[in-house]
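Chain lettering (A, B, C, D, E and F) follows the sequence in which the chains are written, and residue indices restart at 1 in each chain.
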Amino acid sequence: MNLINQMKLSMDAMTLGEKFTGSIIVTLLGVGIVFAALIVLFFTIVAMEKIIVKPKPKKEVEPKPVNVIEEEEEEVIEDTELVAVITAAIASSLNTSTHNLIVRNITRVEDTTPSWAKAGRINQITNN
Amino acid sequence: MNLINQMKLSMDAMTLGEKFTGSIIVTLLGVGIVFAALIVLFFTIVAMEKIIVKPKPKKEVEPKPVNVIEEEEEEVIEDTELVAVITAAIASSLNTSTHNLIVRNITRVEDTTPSWAKAGRINQITNN
Amino acid sequence: MNLINQMKLSMDAMTLGEKFTGSIIVTLLGVGIVFAALIVLFFTIVAMEKIIVKPKPKKEVEPKPVNVIEEEEEEVIEDTELVAVITAAIASSLNTSTHNLIVRNITRVEDTTPSWAKAGRINQITNN
Amino acid sequence: MLDIISQFLQTTGFLNMTGGQFLMIIVSCVLFYLAIVKKFEPLLLVPIGFGMLLANLPGSGIMDEGGLIYYIYNAGIKTGIFPPLIFLGVGAMTDFGPLIANPKSLFLGAAAQAGIFFTFIGASLTGFSAAEAASIGIIGGADGPTAIFLTSQLAPELLGPIAVAAYSYMALVPIIQPPIMKFLTTKEERLIKMEQLRPVSKTEKVIFPIVVTILVSLIVPSATGLVGMLMLGNLFKESGVTERLSKTAQNELMNIVTILLGVSVGATASADQFLKLQTLKIIGLGIVAFGVGTACGVLLAKLMNKLTNKPINPLIGSAGVSAVPMAARVSQTVGQKENPNNFLLMHAMGPNVAGVIGSAVSAGILLTLFG
Amino acid sequence: MLDIISQFLQTTGFLNMTGGQFLMIIVSCVLFYLAIVKKFEPLLLVPIGFGMLLANLPGSGIMDEGGLIYYIYNAGIKTGIFPPLIFLGVGAMTDFGPLIANPKSLFLGAAAQAGIFFTFIGASLTGFSAAEAASIGIIGGADGPTAIFLTSQLAPELLGPIAVAAYSYMALVPIIQPPIMKFLTTKEERLIKMEQLRPVSKTEKVIFPIVVTILVSLIVPSATGLVGMLMLGNLFKESGVTERLSKTAQNELMNIVTILLGVSVGATASADQFLKLQTLKIIGLGIVAFGVGTACGVLLAKLMNKLTNKPINPLIGSAGVSAVPMAARVSQTVGQKENPNNFLLMHAMGPNVAGVIGSAVSAGILLTLFG
Amino acid sequence: MLDIISQFLQTTGFLNMTGGQFLMIIVSCVLFYLAIVKKFEPLLLVPIGFGMLLANLPGSGIMDEGGLIYYIYNAGIKTGIFPPLIFLGVGAMTDFGPLIANPKSLFLGAAAQAGIFFTFIGASLTGFSAAEAASIGIIGGADGPTAIFLTSQLAPELLGPIAVAAYSYMALVPIIQPPIMKFLTTKEERLIKMEQLRPVSKTEKVIFPIVVTILVSLIVPSATGLVGMLMLGNLFKESGVTERLSKTAQNELMNIVTILLGVSVGATASADQFLKLQTLKIIGLGIVAFGVGTACGVLLAKLMNKLTNKPINPLIGSAGVSAVPMAARVSQTVGQKENPNNFLLMHAMGPNVAGVIGSAVSAGILLTLFG
């Protein structure tokens, strides 16, 4: 990176040849990294397609819950999931087992609250 | 406020008992003031209802002016009112009588200008 | 501008007469310049009318191009025009002839691209 | 515990309120009354009144360093950014067509600015500094953003009273102007019918804001910010290719700035700044400014009617004070009372929008002299 | 050439990523999942999650001096400007009619704030400083802008966990509250029908925001910014003469501020700030705050039902925690499960909006004590 | 009195105008002509032209310390805040579906960035510093906000010419690209029909912006601001739960920022900065950048068509330069001239949006090297 650093500081003292060499390096580096980045994205998209799109007959995209009870349960699970994830994250970051830390903040309820848990708060205010 | 000030500065040197006492004071103070504030609002709303809503048969809310002349006069009066209020305010603030200061900037006019005095300027531009 | 400068700094030491004279000068100057400015605008508008509006039968305002080829050519010319104007501007600013500098970046093409060159980029995105 | 409660009570506003603050809260409620019930320029008087209210609630610290409105004031008013942004929206709403069709309107828009400079004399002689007198005079420009801009740069301590006076009198134009207009004109003059305005081409409307920006900025460079933004907004409107920008300039951007500007301007009206004898002087001088501006507009229109061969109804002269479009509507209404078939509105819009340019130019001149 | 590539590789994030940052990226993806699939407060959790994501991508420098979010954070969060601007929009969306019609709701809105102060005790005793404990307690206010405002002023290093906890629990109100409500009430109480609310006149609705601003600011001056903007927004709405401003306040201005606020708040959650034991404590204390607030609201409603002659269904007490309008809908739903013909929504809106005022007052008190 | 008038005349712009300023005013009028009559990127060229006009009116002081645009420039351009905010809106408008459906488009979007780096060589050799050469090269990215962002950070003194060149050439894409595309392809290649794109699920569209943010920011951390905001806007759009934010990002917020950005960028083009030989070099190098980018895109598409079994029409390669959606439309039109039944638009949108990511990545690389 000697030449590039020199270019960054000042190109006044550089010969035309040095400038040319430096620029060529910048170009190769630049085009190379752009391609590298977009190739990474290429493989990611291909992988994403493999994982998400493959099983065509079965519709994966956001299944409409048939049953509100089920939906409610899911939510409870999800929330536990959030706490679990944060707990796990902190635990592993603190080098300790999650067993010493876990907070069980929500127990499954048999309550069958309907879909009013589903919409954003502000949108709902607007609808009042 | 000794304990609270100490809590504000640092709680590191405080014993658990002191912390507990301090927190209890904060809680009592906090809940007390919240209640005090909302009780004041309660009585204000009750008073507002008494003053505004009481005379039910008579509709008080923004009577539509039947007569443009009357409306015009009202406006003149109101403007005088603004000047009067400001004058009175300044006068009392300067510890002098309003008699020495009053500015009568608008005399009642017999002109019966219609309702074009009634709408906001910018909205009107928009309607052009 | 002696009096006005004095007014700007402080009017405390000025006599009522000086204040009056100064204010009169400000007023004459101010009204004079306002009139001068708006008279200049007056003559400009009159001139604009003369130049633009005079030939009434012929509609000058943005003729709809009858023919896409023609339109394309115009555009090429215009772009050359932009470069020409900038070139001329820089040349005259550098005290040199445009002959030494001119960049001919676009040659006339026989291509008859249609009107998709005509709309703003962002608006088009919106229409997607 | 009791001493803690008593210490907390010390921080409440009840015990710290001065009589002046109490009076200012009443003044702000009067502004709400005028804005909401009487519909006086509500878009500005509601925010201004609210800012006044907040600034006079003791202990709120809203205008102290670190306070909410302190930041907004410093970012938008002290820098002089908010008024030009409002002008951007005003420009995007304004049709200069009637002015282009009848450029003589410009003289009327110039004449009506005489109120600004006449009032400057009065203010200078009644104890105000030159910068303050200039700010008071600009009330006569009958243009809110211009008045706030000039005052914020020359005499920020007077922002409260000047803004309140400017917007109040703009709302009162239908009461202030008609007697003056009738007093200075004969019935015959008021009956004059004017020729229909020629149609103005799109080309002229597009070129107009560019040319005005160039010429006015060359003549009075200090007016560039105000006039430039007014004309940029108008160019957004007339160019026909930037409708997105025009719409945002005249709606959301303008509304956001109006809220922030109004609240900040109102918050400058603390009791100790507002409750002074000078506030009454300002209110008094303000109405003189409006009256003189109206009169000069009408008188020049009379003169022009005599000097030129095309008929000019002097009632359109009063519209030169700005106060768009209120003053033009006053011309229309006073004219129609004499003859219900006389439609002066479009003729009055010419001087009316010329007056906006005229007061921005005047503000530039005063800024050059005393800034 | 090779050494250049290797030097460039040094600047990439892959080689500089810490385990904590990796975990935080996963946490942000969980937030996206909850916001987008589970629709938990998406308007805030999407920006917050994205800010969190950006701040934990090594080398992005987005929160370093000169970084994109650094500027936004300093302009809007550190100064405390963004939350009051959001409150301006909330006020323009809020109908205080149910509260004016039944002012007893205020007591419920006050009672439910007990969770804030109760949690303060817990936080003080578990190792947090007073300023931190106050910020954690305010989660119990169940009001996002208030929580962000107080935390930004008292304990900005906790902004990330507190904001995440506050918005998550607000989304979870339908799960947190019903068991508590049922545990504390009898079936008979849940079946209570309430009298229909009286109609509220426009005059009352206009005067209400002005009066509340004055009184609350006098009692707790530190709450002026939040309460004042809430009430200014409401005045824009109710005055009927500033519809332009009301619309902009509740739409574009609010949306712009929401985006900037969310991203900045999220960006404070860097791995080293977020991945601490205290974050778990905050999450735990937060749910305590919600629970205690709910319980206190219900219990006071029970008491009031016994003391007064007008029937009060204790289920509306839980709505006092704020979390507008979710908590009020919870009251409605729990009530309707007992009797499908019992409509509590409007009755619950009273305590619900009172709770917003209550938590802003609480924030003011805590700011006075520890600011 | 006379000396006062003469002193005032000294302050007018007429006497202080330099020849350069006069020329710049003409240049700004040419920009207005191109923007309004020829409809070249009017949303940016009108504000840029106006900023240029204002900055060259002598004495306006609009870019001096304390001037209107000085504040805006320092708040939004110098800090690098405005371009990412525009990208937020662009992201909320962009559909990455065609790219997800055909990820090979990414290679074309990468190839077309070669113009950036090729031009860097040319600029380095013709006397520009490395930072300046990088800013000139980025014109070849054919993406306005990216060009403004990089230039504002590396070579702010060149903002004027680079912005003018970038937006002008973007408008001229339909003239610049077709001859190159035809020269490099055979008639058979231009007739190639491509397979229909597969439908893309909502899940993919939601995950895409998150994944791109993470990966690109890890590879080129300096690109996080631009790419992050682009993808946040896209997430607002695709998540389906933040429509309010998406709408505001792509309308009002974007329009406000566009106005302020355009005027500030234009105002950097003062006569002494703009009227230099280097401006002509920049204009010349800019077209080289566009040409080389177009050519590389087409050539890689030809190569890919030969190497893979799925047919690829090389005409979509040119769309990789960005200039969304103009360049994709050029592919469509050139293709349809050969065969009116060949619809390349959606196929070209893939490389087109890939080009936006590609140029943001390139900007990040150049910022890392020379920032």
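Heads up, the rule we're going with is that contacts are C-beta pairs under 8 Å (C-beta built on N, C-alpha and C of every residue); 3 or more make two chains touch, one makes a residue touch a chain.
Values in this document were obtained by computation on a predicted structure and should not be read as measured data.
Visitor: Which chains contact both chain C and chain D?
Guide: Both chain C and chain D are touched by F, going by the contact rule given at the top.
Visitor: Test of understanding: which option in C-F, B-E or A-E shares over half of the contact pairs of C-D, residue numbers taken as the match?
Guide: Looking at which residue pairs coincide with C-D, the repeat is B-E.
Visitor: Among the chains, which has its CA centre at the largest distance from chain D's?
Guide: Here the answer is chain A, farthest from chain D.
Visitor: Between chain A and chain B, what's the gap in Å when you average each chain's C-alpha atoms?
Guide: About 50 Å separates the centre of chain A from that of chain B.
Visitor: Please compute the C-alpha centroid of chain D, do the same for chain E, then give the distance between them in whole Å.
Guide: So the centre of chain D lies 40 Å away from the centre of chain E.
Visitor: What is the distance in Å between the mean C-alpha positions of chain A and chain F?
Guide: From the centre of chain A to the centre of chain F is 27 Å.
Visitor: Please tell me the distance, in whole Å, between the geometric centres of chain B and chain F computed from their C-alpha atoms.
Guide: 52
Visitor: Can you list every residue of chain D that touches 2 or more other chains, as numbers and ranges?
Guide: If we look for residues of chain D contacting two or more partner chains, we find 8, 39, 42-43, 219-220, 241, 244, 252.
Visitor: When you check chain B against every other chain, which residues touch at least two of them?
Guide: As it turns out, chain B has residues touching two or more other chains at 4, 29, 33, 62, 120, 122-123.
Visitor: What pairs of chains are touching here?
Guide: Going through each pair of chains, those in contact are A-E, A-F, B-D, B-E, C-D, C-F, D-E, D-F, E-F.
Visitor: With touch defined as at the start, can you tell me which chain E residues reach chain A in the complex?
Guide: Residues 1, 3-5, 7-8, 19-20, 23-24, 26-27, 30-31, 33-34, 37-39, 41-43, 90, 93-95, 168, 170-172, 174-176, 178-179, 250, 254, 271, 275-277, 279-280, 283-284, 287, 323-326, 329-330, 333.
Visitor: List the residues on chain F that touch chain A in their complex, please.
Guide: Residues of chain F touching chain A: 99-100, 103-104, 106-107, 109-110, 113-114, 116-118, 120-121, 124-125, 129-131, 133, 198, 201-204, 207-208, 211-212, 215-216, 219-220, 241, 244, 354, 357-358, 361-362, 365-366, 369-370.
Visitor: Flag every residue of chain A that touches chain E in the complex, lowest number first.
Guide: Residues of chain A touching chain E: 1, 4, 25, 28-29, 32-33, 62, 72, 74-76, 78-79, 81-83, 85-87, 89-90, 92-94, 101, 103, 105-106, 109, 111, 113-114, 116-126, 128.
Visitor: In their shared complex, at which residues does chain D touch chain E?
Guide: 8, 11-14, 17, 25, 29, 32, 35-36, 39, 42-43, 46-47, 50, 53-54, 57-62, 66-68, 71-72, 251-252, 255-256, 258-259, 263
Visitor: Please output the residues of chain F touching chain E within their complex, sorted ascending.
Guide: 79-81, 84, 88, 206, 210, 213-214, 217-222, 224-225, 228-229, 232, 235-236, 239-242, 244-245, 247-249, 252-253, 368
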